[in-house]
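Think of it as A, B and C in the order they're written, each chain with its own count starting at 1.
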Amino acid sequence: MSWLWPVDASAYADHVDLLLGGFTVLIVALSAPVFILMAVFAVKYRRGRVADRRHPVDNSVGLETSWALIPFILLLGFYVWATWLFVDLHRTPADALEIDVVAKQWMWKFQHPGGQREINTLHVPVGTPVTLRMASQDVIHSLFIPALRIKQDVVPGRYTTLSFTADRPGTWHLACAEFCGVDHSVMGGSFVTMTPDDYAAWLRTADTDATLAEAGAALFRSHGCSGCHGPSATVHAPPLEGLYGRPVPLEGGEVVTADAQYIRDSILLPRSQIAAGYPPIMPTFANQLGEEDVLRLVAYIQSLADARPEDRP
Amino acid sequence: MSTTAEPPAETEEERVSYFRSGTSLRSWLLTTDHKRIAILYLLSITFFFFVGGLAAALVRADLMTPAPDLMTNEGYNRAFSLHGIIMVWFFLIPSIPNTFGNFLIPLMIGARDVAFPRLNLLSWYIYMAGGLFALATLVLGGVDTGWTFYTPLSSMYANGSVVLVATAVFVTGFSSILTGLNFIVTIHKLRCPGMTWGRLPLFIWSHYATSIILVLATPVLAITLALIAAERLFGLGVFNPALGGDPLLFQHLFWFYSHPAVYIMVLPALGVISELVAASARKPVFGYEFVAGSSIAIAVIGFLVWGHHMFVSGQSVYASAIFSFLSLVVAVPSGIKVYNWTATLWKGHIALDPPFLFAMGFIGLFVVGGLTGLVLTMLAVDVHVHDTYFVVAHFHYIMVGGTVSAFFGALHFWWPKITGRLYPLAWGRVAALLIFIGFNLTFFPQFLLGYMGMPRRYHVYPPEFQVLNVLSSSGAGVLGAAYLLPFVYLLWSLRNGAPAGPNPWGATGLEWTVASPPPEHNFAEIPEVTRPPYDYEIERHDA
Amino acid sequence: MTESVSPYTDRRQRHAADMMGMYLFLGTEIMLFGGLFAAMALTRLQHPAEYVAHSRELHLWIGAWNTVILLTSSLFAALAVHAAREGAGRAAARWLGATAAFGLGFLALKATEYTLEFREGLLPVTGGDGALSEPVQRLFMHLYLVSTGLHAVHLTIGICVVTGLAWRLRRAESARAIPVEITGLYWHLIDVVWVFLYPVLYLAR
């Protein structure tokens, strides 16, 4: 029956299947009376056929209310279940393995924390929570992994995330689900789940010269970021050590959290969120840095989360 | 309903009908008679139905195998984009309202015409102008954005004639607005004496609800498309993240129109089915007030559920939970209609004629489409099946299984009224059955494909999906042939059908009190209504 | 062409239908501008500081004078409706003429404002965008141009209709009130749209 039911690679996927199965039972129960009664009535009360057709006036508030409310209440039970599962899907585990994803017409690029890069194939360990931080270089794409029953749009201009824990090793499909132009239907590849040991072995064989954060540090220097944000800077720019994950008061009086999105926006649209007490002098790097580079810079600044400005090298 | 060898001679009714009030082309192109305008629409939307159908045939043929066969990826994308754009805006939205609505609303409420007859004709010309833009797009190579025009693909990356096709949809939108406006005023102001709101046929109620959506939602689509055109032409940037805009704003604006647009497409069909069920069972519609009220409820709640198209777009989890709940709420009035139709059949006198068979086909497919819609409101399930063939199957069950079946049902029910001739009932039964079978064969496998994980708009697909795709494409062949069948015997009946007489079905409603085809100005004397709608049983006791 | 038959049984019915049709049309216009207002609201939400900064670059006082001019023209339109209801055709024509003249005044001032902005390099059109450096600034000025431009198009149509009506009524001893009332409604709508555009664009400081 492999052509009738999808394979699955996580407990979450089993849960979604169970939800769908239960819901199918409910909708069959709600619709079967309609189909059966229509057929029975069409035969029994066919024009010209003798039948007892005496009946009271065709109006019954009680009947109307019951067939409006009872199905609705039954549906509400499933609504709670499905919404709970959905909220659960959007909870990012604190200790998750973070992998960066950049989508562009028409390929998927993945960057592992150790700096290993791959295209159209994603390797992950089983039994470990994984969070994908996804960015798009051009149009909207959508990362779809049917075996996990999950997908998430990848929208230009913002990071979206997708968290999962696979628990069966194997090779599965990975696809783009949001129409993205000419080669949309071939923008896909493989999703490979491995035991943690195999994953570690694979990481070692994969070609890499620097971790993500190291690559980000190199960009930080080569693009002149360190000239203002570095220890010997003469301009008044906010220090980035210990910034990640902390609240940042803005010029307008708001306070935002310095998450990946904030750092990305500060690099590409620096005038939108000016940190309080600093002049708006940072230029945009939108024309110099692609989404992959920005993700490396984010990884670098993230790696400074526990550093203090005094610790500057 | 026997057919004679000799075509029946022209009847007296036909000689004085709207059909013969003028025979020149000019008398048709400059007419302000709502019935003639309805015929103009019928011809034009039939044309676009075949253009859109041809595109669908190309798509299904190419999907017989996993690899590209007939078309390049680019060509395939253009084919399904064209299919969607033509079918949604040039067939489905105008289908029932602009043909049967135009023809029947004045007749049903006892009026001589719609409130603004010249505006009505203008609305047809605007529709045709939009249609010409759409055909120009086709000639110039088409577009590859899908009918949804998602930004920034449509505004910055797509190669095709996006501005031209946006203009086509923009222009035809004004035709929708004017038609909706005309219907609302007509229903409010031109009801004949005694035709109270509580006596309106349910067809009128559903068209009233549809018109509200047409008038309020279509302008939002117009401005959204104008913004897309401005992005492409001047680099406006409101949907472009690189310029500080937001691509999701487009989705919010687009679905604010396009979700209610789904109800524009299906509400008139629901009205048709209420008429067909009551007339076939010769029984008043069960729970008239609830069926009428549910149309209005669907129109109103339909404005509040657009976010359910965006559960995986990055919209906040709370927003998704609220939109999911509201989408469940909108299912309640739809359910009320289906249960009431079933109860209407109870203890009726059911004639198994084509209108009834089409109505049953509609109810079956609409129920499947509606319930799979509920599957899609379940957030965790939607994450998996969103943008897959499951969604494709779901909305085809509603729009094609539902609306197109109702369109054919309406055609078979009111054909004798419109043309004055009867068609062979046996062929009508065959067509109804074939359409039902062909439809299910085409689209049911797509539910499975979707759950298996085949994304929509895929030209190339993994080989394990082939069995179901071949099933679906063969079904499409049956469906295509089944759609052609009625054109043969209906056109045949124009010359050879027996004269229908004013009321061949023994139905209630003012449209059945005038001759078939109706005279030019509908009613010699404005009628007065003294009885409730669908008073079939009273009639029987009188007899 | 077949002679079109009036669908109405009496004039009151026709009057009611015309008024209702116009109100519905105004409803569609509000929804049309509603899409633009949604885009402006979102831009303001996402870039509050920049939105305010760029709003400051607009010519507040020109906008204010235009608001006064348009509100006055609406008063004239209301007086024209009043005169038409009294059956005073010529008086209605005079008031309509004043309405159109003030409408033209608005357009003239608006054109001056566009010219100034063009010279300042603030207008996102070829040759006039020299001073637009920030993406959000460009976006703001685009929204400004599209929404005020769409408003100006509506106003131009309004001026044509009002002028035509005034010409028809110039020697009329009596007047059918309905066309004047309907035109007046449309004019008020144009006014109301501006009354919302002005604070959203100019006063967001």
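The rule is short, and it goes like this: a contact is a pair of C-beta atoms (placed from the backbone, for glycine too) under 8 Å apart; a residue touches a chain by one contact, two chains touch by 3 or more.
This is a predicted model, so every value here is computed, not measured.
The largest tally of C-beta contacts between two chains is found for A-B. A comparison of C-alpha centroids places B closest to the centre of the full protein.
Centre-to-centre, using mean CA coordinates, subunit A is 36 Å away from subunit B.
The geometric centre of subunit A is 45 Å away from that of subunit C, both derived from CA atoms. With touch defined as above, residues shared between interfaces to two or more other chains in subunit C number as follows: 46-47, 50, 135-136.
Each of the following residues of subunit B touches two or more other chains: 242, 244, 246.
Contacts with at least two other chains are made by residues 269, 272, 286 of subunit A. Subunit C meets subunit B in the complex at residues 1-2, 4-9, 13, 16-17, 20-21, 24-25, 27-29, 31-36, 38-39, 42-43, 46-47, 50, 124-125, 135-136, 138-139, 142-143, 146.
Looking at the complex, you find that subunit B touches subunit A at residues 73-74, 77, 144, 146, 148, 150, 152-153, 156-158, 241-242, 244, 246-248, 281-290, 311-314, 317, 320-321, 324-325, 328-329, 331-332, 335-336, 338-340, 342-352, 356, 360, 363-364, 367-368, 371, 374-375, 377-381, 383-384, 386-388, 448, 451-453, 455-462, 464-465, 467-468. Considering their complex, residues 46-50, 134-136 of subunit C touch subunit A. Considering their complex, residues 250-252, 254, 269, 271-274, 284, 286 of subunit A touch subunit C. Contacts from subunit A toward subunit B in the complex involve residues 2-6, 15-16, 19-20, 23-24, 27, 30-31, 33-35, 37-38, 41-42, 45-48, 51-55, 58-60, 63-64, 67-68, 71-72, 75-76, 78-79, 81-83, 85-87, 89-90, 105, 138-140, 142, 144, 146-147, 149-153, 155-158, 160, 173, 175-186, 269, 272, 286.
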